[in-house]
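Shared between the two complexes below is subunit A, which pairs with subunit B and subunit C, respectively.
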Partner chain A sequence: MNVDLSLLAPEIALAVLGLGILVLGLLIPKGSRHGLGWVTALGLLGVLGLTIAGWDNQGTLYEGIFIVDRYAIFFKITFLTAAFLVTLGCMRYVDEMGDQSEYYSMMLFATLGMMVLASAGDFMTLYLGLELMTIAFIVLVCYRRTETRSVEAGIKYVLLAGMSSAVLLYGLSLVYGVTGSVTIYEVGRAVTTEPVPALILGVAMLVAGLGFKISAVPFHMWTPDVYEGAPTPVTSFLAVGSKAASFAILLRVFIAALPGLWAHWTMLVAILAAVTIIVGNLVAIPQTNIKRLLAYSSIAQAGYILVGLVTASEAGIKGVMFYAFLYVFATIGAFTVVTYFYNVTGSDEIKDYAGLSQRSPLMAAVMVISMLSMAGIPPLAGFVGKFYLFKTIVDNYLWLAFIGLIMSMVSVYYYLRVALVMYRDEPVDHTPISLSGPVALTLIITMMATLVLGIYPGPLSEVVNTAAHSFFLP
Partner chain B sequence: MVEFALHHAWLVPLLPALAFVAIIFFTRPWPMLSALTAVAGIVGSFIVSALAAYGVFTNPAFKEEPLVYAVRWFSMPGLQIDVGVQLDPVSAMMIFMVSMVASLIFIYAIGYMKDDPGFSVFFSYVSLFAASMLLLAISSNLLEMFVAWELVGLCSYLLIGFYSHKIAAREAAKKAFITCRIADFGLLLGLLAMQIVFGTLNLVELSEKIANFEQYTTFGILTLIAVLVFIGPIGKSGQFPLHVWLPDAMEGPTPVSALIHAATMVVAGVYLVARTMFLFHEVPGAMELVAITGGFTALFAATIAITQREIKRILAYSTVSQIGYMMLALGVGSMTASLFHMWTHAFFKALMFLGAGSVLHALHHKADVWEMGGLIRKMPLTGWTFVIGGLAIAGIPPFAGFWSKDEILAVTLESGHYVLFVMAAFTAFLTAFYMWRLIFLTFFGEENPENHPHESPAVMTLPLVGLAILSTIGGLVGTPWAPYWSEWIFFGHPHHVEPNYWVMIGSVVLAAAGIYLAYQLYYVDKAKSRARALAQRYNHIYTILYNKYYIDEIYLWFNHTIVDGAAKLFYLFDIYVVDGIIVNGLGKLTCLLGEGIRVSNTGRLQNYALVFFLGVLAVVVLLAFTGPSAASLIVGGVK
Partner chain C sequence: MLTTISLAHYMVLSALLFGIGLFGVLAKKNAIAVLICIELMLNAVNINLVAISKYLTPALFTGQLFAIFVITVAAAEVGVGLAIIIAIYRNRLSVNLDDFDWLKW
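Showing the complex of A and B:
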């Protein structure tokens, strides 16, 4: 069997990097492990470069169980960008937590899991990637193991994630039982429009299992608790990376493996998207903790992204990819502010953000821009993203677009409430917050990206077009 | 060099834009540096424009095929928006003219705005304005043009209200902005309709599609689009009935009045109609509307101008009137004559505004022409350059205004619009009269002993001299015997107007008559008793004219009674129904819902697991018992 290992180069490099960090951590004395963050960040940048360099190098490995098309590569770029930005923004936080080497290598393994997931061509690879990602995240979620909240979050995550994995596996085995294949594109050929009851059951299980990962309502219950309890950098990576990876595989499974049943699941997805948007936005309103607020807002965002799956079209895939990419910057921008604010003040309460615009204009500005982007206010990136997503459904699902519109207005309310606290209220403590270099860099990158992608989305849109196109090629 | 300029014409708007950014973010604490940055930006832009214009006007290929290049700004199936540059004789002329006049006015402003606390901010705003105006001129599609259109509106608003400590300035800024917004809404509707009907806003593509419009749409929609599009220019170019903002806009600093409210921005409307001539050309009704609006506005504003007392106000009404001429020429089908008048008008009107600024500068902002007099002895440069401007606008050969105004009169007559021709000819008489009334009252006669005028510094007078030279010779590019202008700037086919000597002689006679009348009333008669007696005798007409036909009062009355009355009704509706039931009720309901669902997040793992499995169950039920037909029944989503 002829295996083109160049297709696997980014994954191999990332695995080596993860192991290397682990080993380095053992070699370096405990007091001087600060540099590991930089090694991780630079290493991620290298892998990112390697991935981008492989843009034209498409193909499949092991008879279709590992697919490297531009669709997968684009998502890998998204994960690596997210991992890089999270690492850059969280160094101080991690230094205060201790055990840097294990933390960074777990981050890298989680990223590796996502990359495998994006390339998964059969159900086994899918499950492997999913578990690699999930288990790494379980470790990360309860990383502040002396803190009850973190441990509680970890336990909730491990139990509920296990449960959802079980459901997912059950669903996969049912699909295998009916179609006799585990390879996604072969399943796609075997599934006919004729609904077999066992297959329907399997699809339902898949929806539940993957819906858990993207925190779609009603499988979202874990999200606020875990997001609140986990260390903030982990929360942001969970919100961005894990969600994007799950969307990557969700699209692959539903559009490539189950197109025959589209008429059955499109309505279900539309209803899930609507419910997710509604619940996420409504429950975000009364929140007083910024991390819980962002958790509910991220549930709502998942609802918006889900809209792209409804039509199962190339335009929808494009919308999902575009939104996933810009969502990285908005979310990491907001969470980096939260992380750093926690480092300085030890608080995650919204009321403590009073007067942040006077203490650190950059932090306040990034927070507002990120949130307004999530709300979809032009000329920020979120507007363009939502435009692409909802454009696909306007013709046939006007009611869903309508819900998205109304709930976007609701979201402006709770986003601006935070802005109001930051800009209107007088700070209790007037000391300015000075930003450390990497954090300031992270904030500026996210802010610029959110602005530039909003004002000039053309180039990214072209890239996403070719990536979405590659989805239907094999 | 020329090739470089042609292919990098996007530098033209970019350089002033960079100057704007640099001033706002970096050089603001240092006024002189800011001014130099702004001047460097616009002069650089002028150099590129001049080279590009040279490239265009030496290559006849540009008459047939414009040079267009663009980058994709936004794309999705069914909607593609490019941002780009379209170079053809019209846009090349426009960027050349705008950047040249702007350069001179920027230099002038260094002297005029000296010691102003907002010096740097002023230069950042005018740089942004220049960038937007040049973008408007060079745009390759209408959406891009619309963005620039709104940007110049914004700059106009900022600069009219520049002296924000003055209530009048603030009010004028708001008035300008709101009036233009009303008009821009029409334009926006027109653009949307065009995008829907033709699927593009690209100028070149539109001109091809509209030329074959029968295949695409019906006649009615095209008329509707043309009328909607024309509403924008009515507001921006101060045409009746939306002219009311322009005279008030004179509250801004005088260089702004010269640049924005005389030479460039207010003619954007003319430019837009000229750019979309392919549309108007197909709709004779819309062309008539343009012609009548223009002709009426020209006469209407000129009659107001003869009674006004404030120097800049007279010039403002004169601007409205002259833009009316340009619209008239467009409406009777001669883009050549219209843009030619725009070209000459930019020079002599900027000249006169800057001259007025020089006067105001010397008299410490005393604006009433009746309180001036004899200024030419103390301010010879300002005075004599202003006289040149007066000769140009009155239409005395060989000054610039003569050639362009004569061409407008000739094409109007040739097209058979006799009523409009008479109106335009009478306007020419009025123009000469009110402008020379201004000149005699301000610069000649006895000096007012209260005034202590002094000539302005060289940085202000040199631009005056430059503009005076342009006002003198600027029209020679388009004389009937050497019609270079009409060979390059035309719509469809170049059209040479035969020299019509009767019109020519007639217009000179009318202009001379106007000047003579002003001479008799305001120069020979030192006490001006005859002028006062005339005003007494025709008191009713005089009062109506002096109060600008009470248009402002009519709008005010309309606002106070009709709009406010309706507003009161809606206010009650708003308080009790919208706010009470819909807004607050919905808000409360939303918050309550949020609280309600929040309670379901108990934090207990068992509950979470329960919800999860209930969710699985619900999904199974949904999938199993609602096939595609039921799904389409519920949500109507299946194709």
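Showing the complex of A and C:
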């Protein structure tokens, strides 16, 4: 069998990097491991370059179980960008936590899992990628293992993740039983519009299992607890990477493998999206902890992205990809501010952010821009993303578009409440916060990206168009 | 007279096992018991996969292969799960899930 390994080059490079960091951490004496963060960041930049260089190199491996199309490559670029920014922004936090090498290598393995997930062409690859990502995240969530909160978040995550993957697997086994195949595109050819009950049950279980990963309501209960308890950089990577990867496979499974059942699941997905948007935004209002606020806001964002799946069209896929990409910058910008603020003050409470604009204008500005982008205020990137997503459903699901619109307005309220605390209130402690180099760089990159993608979305839109188009070429 | 065992028998067994596991995950208070119930659910999946492979696609070994992957990954997951349970026992001297209410809605 002729295998074109160049298609796998980014994954191989990332696996080597992850193992290399792990071994390097053992070789280097304990006091001088601070450089590992930079090695990881530069390595990720290299893999990112390799992935972008392979933009024209499309194909499938091992009889269709590993698909490398532009859709997958675009998602890989998203994950690697997210991993790079998170690594750049969290070095000081990790130094204070100790054990740098394991942390960075787990981070890389989680990224590897996401990349495998984006390329998965059959259910086995799907499962392996999903679990590689999840198990690495479980370890990361309870990384501060002497701290009760972190470990408690870890146990909640491991038990619920285990349950959800069991439900997902049962759904996959039912789909396999009905169609006799585990390859996604073969399943797509075997599924007819007249379904048997077992297949409907299987699809319902797939929705539940993947709904857990993207934290759609009513499968969201773990999200606020895990987001609050986990170390902040992990939370930001969990919110961005894990969610984007789960959306990548959700689209692949539902649009490529189950298009025959579209009439059956489209309403289910529309209702799920509506409930997720409403609950996420409403419960975010009374939150006093910034990480919980961002957790609920990320639940609401998942609802917006889910809208792109409803029509199962190329435009919908484009909306999801565009939104997932710009969501990376908004979320990582906000969480990097939270991480650094915690490093300096040891607090995650919103009231302690009083007067942040006087103590550090850049941090306050990045926070406000990120949050307004998430709320979808023009001219920021979030507005363009929401426009692409809701444009697809205006014809047939106007009610869903209205819910999205009204709830976006509601979200402005709680986002601006944080802005008000930062800009209006007088700080208790007037000492200015000086930013370290990598953190300032991360903040500037995320802020510029959010602004530029909002004002001038054309080039990215073109790229996303070709990527979404490749999805329908088997 | 012996009745032959068909695919339906295996599917019913697996559905029952899955149901028992799911009930256990939701009802049990002990973290280790919950982990065991997750294993029950995964084994229900394995029965499904192997039976389907035997009856529907006997020439291919897709289902068996899948089951082996599931077993391997489940072992890794349980390893991490037990490590976390040990860590939380050191912190809280308990493995009862009702005691872990530090993080609240």
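One rule holds in what follows: the second predicted complex is superposed on the first by the 474 of 474 C-alpha atoms of A that agree within 3 Å, B and C clash if a C-alpha of one lies under 4 Å from a C-alpha of the other, contacts with A are read in each partner's own complex, and residues count from 1 in each chain.
The rule we apply is simple: a contact is a pair of C-beta atoms (placed from the backbone, for glycine too) under 8 Å apart; a residue touches a chain by one contact, two chains touch by 3 or more.
Note that the coordinates shown come from a computational prediction; the quantities given were computed from them, not determined experimentally.
Student: Figure out whether A:218 sits in contact with subunit B (first) or subunit C (second), or with both, or with neither.
Tutor: First partner only.
Student: For A:176, is the partner it touches subunit B (first), subunit C (second), both, or none of the two (neither)?
Tutor: Second partner only.
Student: Mind telling me which of the two, subunit B or subunit C, contacts the most residues of subunit A?
Tutor: Of the two chains, more subunit A residues are contacted by B.
Student: Applying the touch criterion given at the start, work out whether A:391 contacts subunit B, subunit C, both or neither, answering first, second, both or neither.
Tutor: A:391 sits against subunit B, while subunit C stays out of touch.
Student: If we overlay the two complexes on their shared chain A, which of subunit B and subunit C does A:127 touch? Say first, second, both or neither.
Tutor: Only subunit C is touched by A:127; subunit B is not.
Student: Go through the superposed model and pick first if A:163 touches only subunit B, second if only subunit C, both, or neither.
Tutor: In the superposed model, A:163 contacts both subunit B and subunit C.
Student: Both subunit B and subunit C touch subunit A; at which residues?
Tutor: Common to the two interfaces on subunit A: residues 155-156, 159, 163, 167, 224-225.
Student: Quick check on the complex: what are the subunit A residues that touch subunit C?
Tutor: Touch residues, subunit A against subunit C: 123-124, 127-128, 131, 135, 138-139, 142, 145-149, 151-156, 158-159, 162-163, 165-167, 169-170, 173-174, 176-177, 180-182, 224-225, 228-229.
Student: Which residues, counting only subunit C, touch subunit A once they are in their complex?
Tutor: Those in contact with subunit A are residues 11, 18, 21-22, 25, 31, 34-35, 38, 41-42, 44-45, 48-49, 52, 56-57, 62-63, 65-66, 69-70, 73, 76-77, 80-81, 84-85, 87-88, 91-92, 97, 100, 102-103, 105.
Student: Would you pull the subunit B residues touching subunit A in the complex into a rising list?
Tutor: 71-77, 587, 590-591, 593-595, 597-598, 601, 603, 605, 607-609, 611-612, 614-616, 618-620, 622-624, 626-628, 631-632, 634-639
Student: Could you pull out which subunit A residues touch subunit B in their complex?
Tutor: 155-156, 159-160, 163-164, 167, 195, 197, 200-201, 203-205, 207-208, 211-212, 218-219, 221-222, 224-225, 263-268, 270-271, 279, 282-287, 310, 315, 384, 387-388, 391, 396-397, 399-400, 410, 413, 456-458, 461-462
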